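Okay, handing you the structure first.
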């Protein structure tokens, strides 16, 4: 074992306010060698961030830290004043979860990065030159222009790259990465992780990688430490711990992670439901709900660019796409919360008013919605019973409040609690119960689990599947996470820049051939299929460099080009046609519908399975 | 004291203390205790100064005019030979009847107006905002001057005048809070259920902005007492002969050199009440929305 | 940007029109007769009625308002009923005096409040912070005529270092006392706003990022804390400016310094409509200017505002 | 112009009255000067007083100061001018609410200014005696219905034009023009002198033909009527733009908000006068600011002052407060035509419920003279002195009210607020509930004079009046039936006829008798209550100046003012 660069022994952290309770971190001991990445994993509140910040001396003043922290010979806990500042300047770097708030909004990016060099004593010209080089090294497009921009003018990915540039500028001995990619789009996340991997080998620093996602642990870390309420449960090499977890808490964590490669069909815990693949009422001629040629823009930004689709009765349709692809807007148009500039919504045969307030009580009762953020989906001043009672009364539901509570597995005594006192998961359960209180025909779920803890996400998804199955309600499940969508949906629609680029039954969409964008989504979410292109060449869809082309935020600034909106990012684009001619919609075998110029016809597509 | 020395002197904490500790320490602060005691004293005086005051506030005393503070007259006597202590105690009643009622009226009016403007927006909001702006850019005491000139300066008129000038300010705050709440999912869920505007404003939005309204009310209370004293000073507020503090300061300010007690005690009373109410308002604001 | 300006100025014009109608309506409702005010109580009713005719007060209200408006727009603000002087010079000279007082107060108020607020904010929770906050509150809570009276007697009657009134012949020396009274009242309010903004800025993550760059505390404050925490107080300064322009009647009365406030008070009580209208609109325009200036300052300080579509 | 026979006849009557002790020396002198008697003739009349002490003769204007406590500051009443000439006197005044206009102005500050730049035919001294100003002599004719006035020669206006008869006739034409809105002229000359009554005779004298005989006419064309200044013939109406007059000072600058500056008129007709180099008026928005300015030495004296505010000068030796008894008063009016004051007993009960000495002590520092609810002020020669003086008598109040519960609303404007508060308190202690209704001055005098103006038509009100030299200038408008200021709606034919005979008669004994009738009727009916007659005070910085005096009508005479 090489000499540890970072040695932590008996680390205890206690917040003055919570003094009577257990300390936030209760005696943690571990070592990290130079060039080695240690993953800190655990549920939120387990103290993984507190440990990292305690080591980097970045805790609020009311936290008291004890125990020894030794970084390459310096006793970090003893540092103070100018010594601490010099240590921060030379040896430590931290990359945060929220890149937007980690950058000073009123200062240009170039100056903020150059400040690190100035602190090192370089003069302005040298600092600026090094800054441009640094921005280039984090593959920032056109570094000189980016340097002059303000943080709010950059995309999420670009902001995180700037933060990383600042962190790596001083070749730190200790690098802390606190959930660096949570909240970023899958494709952007992919780019950041690859950047970290590439730069990691050039540095010889001890790296702490904090995350709640075992996927990332597997991909990014050498060793991993599993934490539970401030204590170290297990520690060891990644493949050992994940392959054969010694403590049952680790095993529990691993199980409840979202079944990456499963669909509801083959999920063991759902065996009691005899889920047929095809919904009972095969394909009735009149779908439950259809949307015809809906278009909508917010100022210059095109949210929906002429979308037509339908949802069958009792069918679960997944709607997946990056942020800004218009998927949420489509959901809101269906529920009537957003009135589109153009287009019609039909419930069964009848066209219903675009604005929910002008719809009849009957059509309102049919379409309900589950919102994304648990904290604002329920009125904090109301009690659970009140919420469900009111929904049931207004929507004319038949089942009693207690039945509703039971159907979402809420304990009876929780009914009389204020909604504010519930946990995230419990709030979403109430929100789901409220949606089905009036026997709705369609429930639009807008990223219902993305704001929840990993462990809770799986249980909510299973709950949705059960409810959908028992009550034969159709779901429109909107999410940016393809694996969540593929787990749940009978049919998937992939959206990009306000249009549906590919739709079809789940297995057909998951299997090649794919619309190039779908391929990129699949690669980003770890499915790693080797995609053989039409002309036989293997485009390792997952090959890092292929997808590292700069992912501009879809739709945000893309002008409605006459041709295919995915043109700039499409690795398989046909020069001359794709950017000028709008791609046709082609119906292929197995119910697959694709909007693309590429010839998908040759029948041999299906052999090359994942 | 240069900026440098002020800062370097103490190794500025990385981040300020976590919210939990800051809130608990606040309640035990001496300033809060002190100001609450002052307010209670003045309220007691306003309710029953007849029992506390040693003399009738408007009776000329045999002791004669401009008697300095002493054993017989704790605060001395004024130009009419009246006991200043009794007048100061009696002076609390007009202030503590008009100010709270005016603020109550302004808060109710302002909240309703704010809710409607915030919720409906569109043309109504545009026009109403222009009207509120029109009133706001008038010099603060201007509406008071006109209305008092119109209706004389009885207590009810003063309450109306203060309410009239505070309503726009309360409405502005409530409108801002409503604009935020209106976008929240639980309000959209209410729309999905087909709830009417009344229910949404009353049951969904109002409970959530009640905190902001309370904070606004306490701040306006301090302003109301301040404005009342100023109105009395320029001769618009108090009834003739009323022991209103502002009027006492105005009438006696010429005797400051030879009978300073006739001015400084009522002035002290005004300052003590306004400071106490401001301190309490400050605490409530930090406790409600840290 | 231009579209935003035209919309903003349009709103200003509408607001001012509304104000002038409100003021005109209110003044004509209050009792009192300006003709009687000019001729005195002993003049006969006949001569008073003759005077009303001469002043055009017998015309229907709408016509009176119309002719006043046309005149005002064309720059002819009419002559003051009671003072027989052209309204324009009367109002503008008084506004000038108010601006001088407001200007000086502001020049002193700004640096004092900003540095006190910054120190209190940076050392929040300590005794220094609490003393600054409580002192500021006591200052703000003391009505300006109370502190004014105390200053007056101490410095002009007892020690007679400073003149008792702010007559123009004393020049700046006369303004020392009123300005001090005003600074006492305004500083507390602005200091509190600055302190709150500094405290919240210090809690922002980007301050933690900057600190971890190891830069010195002073440059941290100068480069990061100052600019970000000045955004909110700019609005507070706008409110103070509005108060300084029109709300100073008590100080103007106490120090015999006839600013726009006392012109308004006198014109309202005497129903001198042309002066009243002009004074209200002019002070209204100046106040609207303060709103626009604070918006500009807001934009200058916070790039997010000026760069993207204005709020 | 030697005394004509009418003057000699009046002189002999005066001598009889002097011998019989009806008139004091002061009143005889006042009457004699009014009749325009020549100095020698006055001497013969005075001789009839026998061995009066010489002291009080020396300065005719001295009003004896009876034994009031003279705390320091010294309360002198005799203007001893003995200091060095020159210097600029600064005078404080309340900011005039209207423009300075000699024809229309009624504001104390405006009057003070144009009285320094313009003059009257006759000057009113502080003791109500008259002195020649632009007129050297005046004599009655046709039993007091015609008056001849001789103008002073060699006087020029400040713009060089000569002062002549035409200037006088044009000035009076301007005042008496029916449309002319001059307030004081209308109330003074109403029913006595009309526009066509003024003419110039062949010798260049001015002849006034009256509508009816009026023995006190010289007072009306004196400074007692403040708008009766003599202006140049082509006066165009805006005084501030070209202030032309014959007075001792020139108006150099005027600013409505700040004040005014005047300098010596070098070509003033009275040689060597004025002694001052110039005068500076400083305007203040409220009385308190003006007092603080006086305390700190920013101003040397004031146009008008309230004794209640000057308590702070008590201990200051540098200041002297000059006093002069005047006929100014605050009238408490009760409408006799509506309850509760339709019964005389209720009105008398209110009169007896008031402690006049306490009022005088609290509000006016004891300087005023106690009133007896009738308009014949002690300062008037014709004032009867033997009516029982009313004092606080709660038993009498009890008896008069006979258990009736009395409540009434008292309306007033800000200047009389303290008086109203004291009245309310005293009446409350006597069981009479008073509700105070303070209104702005504008509102108090607004409305139609004939139908609804508050100061003439409310149930009960307080109205303040500046002094008048002639009692009927109050009696006729205020208590005669249908008088233009008859707020109490009092109507008593006895009083009406008595007032008319008083005015028309030139026989002093007759006037004395009529005055008694009026006083007794008012005293009994009590339509109005007069608790005190005000003493006009004028504080001045005696460390720097001497010769500054108080005047019953608050006029400022600066000709003899010098540096201390």
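Residue numbering begins at 1 within each chain, and the chains themselves are lettered A, B, C and D in the order written.
The criterion applied here is as follows: a contact is a pair of C-beta atoms (placed from the backbone, for glycine too) under 8 Å apart; a residue touches a chain by one contact, two chains touch by 3 or more.
This is a predicted model, so every value here is computed, not measured.
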Q. Chain pair with the most contact pairs?
A. B-C
Q.
Roughly how far is chain C from chain D, centre to centre by C-alpha average, rounded to an integer in Å?
A. 45
**Q.** Euclidean distance of C-alpha centroids - chain A vs chain C, Å
**A.** 51
**Q.** Gap in Å, rounded to a whole number, between the CA centres of chain B and chain A
**A.** 49
**Q.** Distance from chain C to chain B - Cα centre to Cα centre, in angstrom
**A.** 20
Q: Provide the list of chain A residues touching at least two other chains, using ranges where the numbers run on.
A: 58
Q) If you look at chain D, which of its residues touch at least two other chains? A) 292, 295, 439-440, 442-443
Q. Where in chain B do residues touch two or more other chains at once?
A. 14-17, 149, 250, 253, 256-257
Q | Which pairs of chains touch, using the document's own definition | A | A-B, A-C, B-C, B-D, C-D
(Q) Using the touch definition from the top, list the residues of chain D that touch chain C in their complex. (A) 95, 97-99, 101, 104, 106, 179-184, 186-187, 238, 240, 256-258, 282, 284-286, 289, 292-293, 295-298, 439-440, 442-443, 445-450, 455, 484
Q. For the complex, which residues does chain C have touching chain D?
A. 30-33, 36-45, 47-48, 50-51, 82-85, 90, 93-94, 152, 156-157, 160, 163-165, 167-169, 252-256, 258, 262, 266, 269-271
**Q.** Footprint of chain A on chain C - complex, ascending
**A.** 204-206, 208-216, 223-224, 227-228, 301-304, 307-309
Q) Which residues of chain C touch chain B in the complex? A) 11, 14-16, 18-19, 22-23, 26-27, 29-32, 115, 118-119, 122-126, 130, 133-134, 137-138, 140-146, 149-150, 152-153, 157-158, 192, 199, 202-203, 207-208, 211, 217-218, 221, 242-243, 245-247, 249-250, 253-254, 260-261, 264-265, 268-269, 280, 283-284, 287-288
Q | Parts of chain A lying in touch with chain B, wherever the complex brings them together | A | 15-18, 57-63, 80-81, 335-337, 356-357, 359, 361, 364, 367-369, 371-373, 376-382, 390-391, 394-395, 431, 434, 438
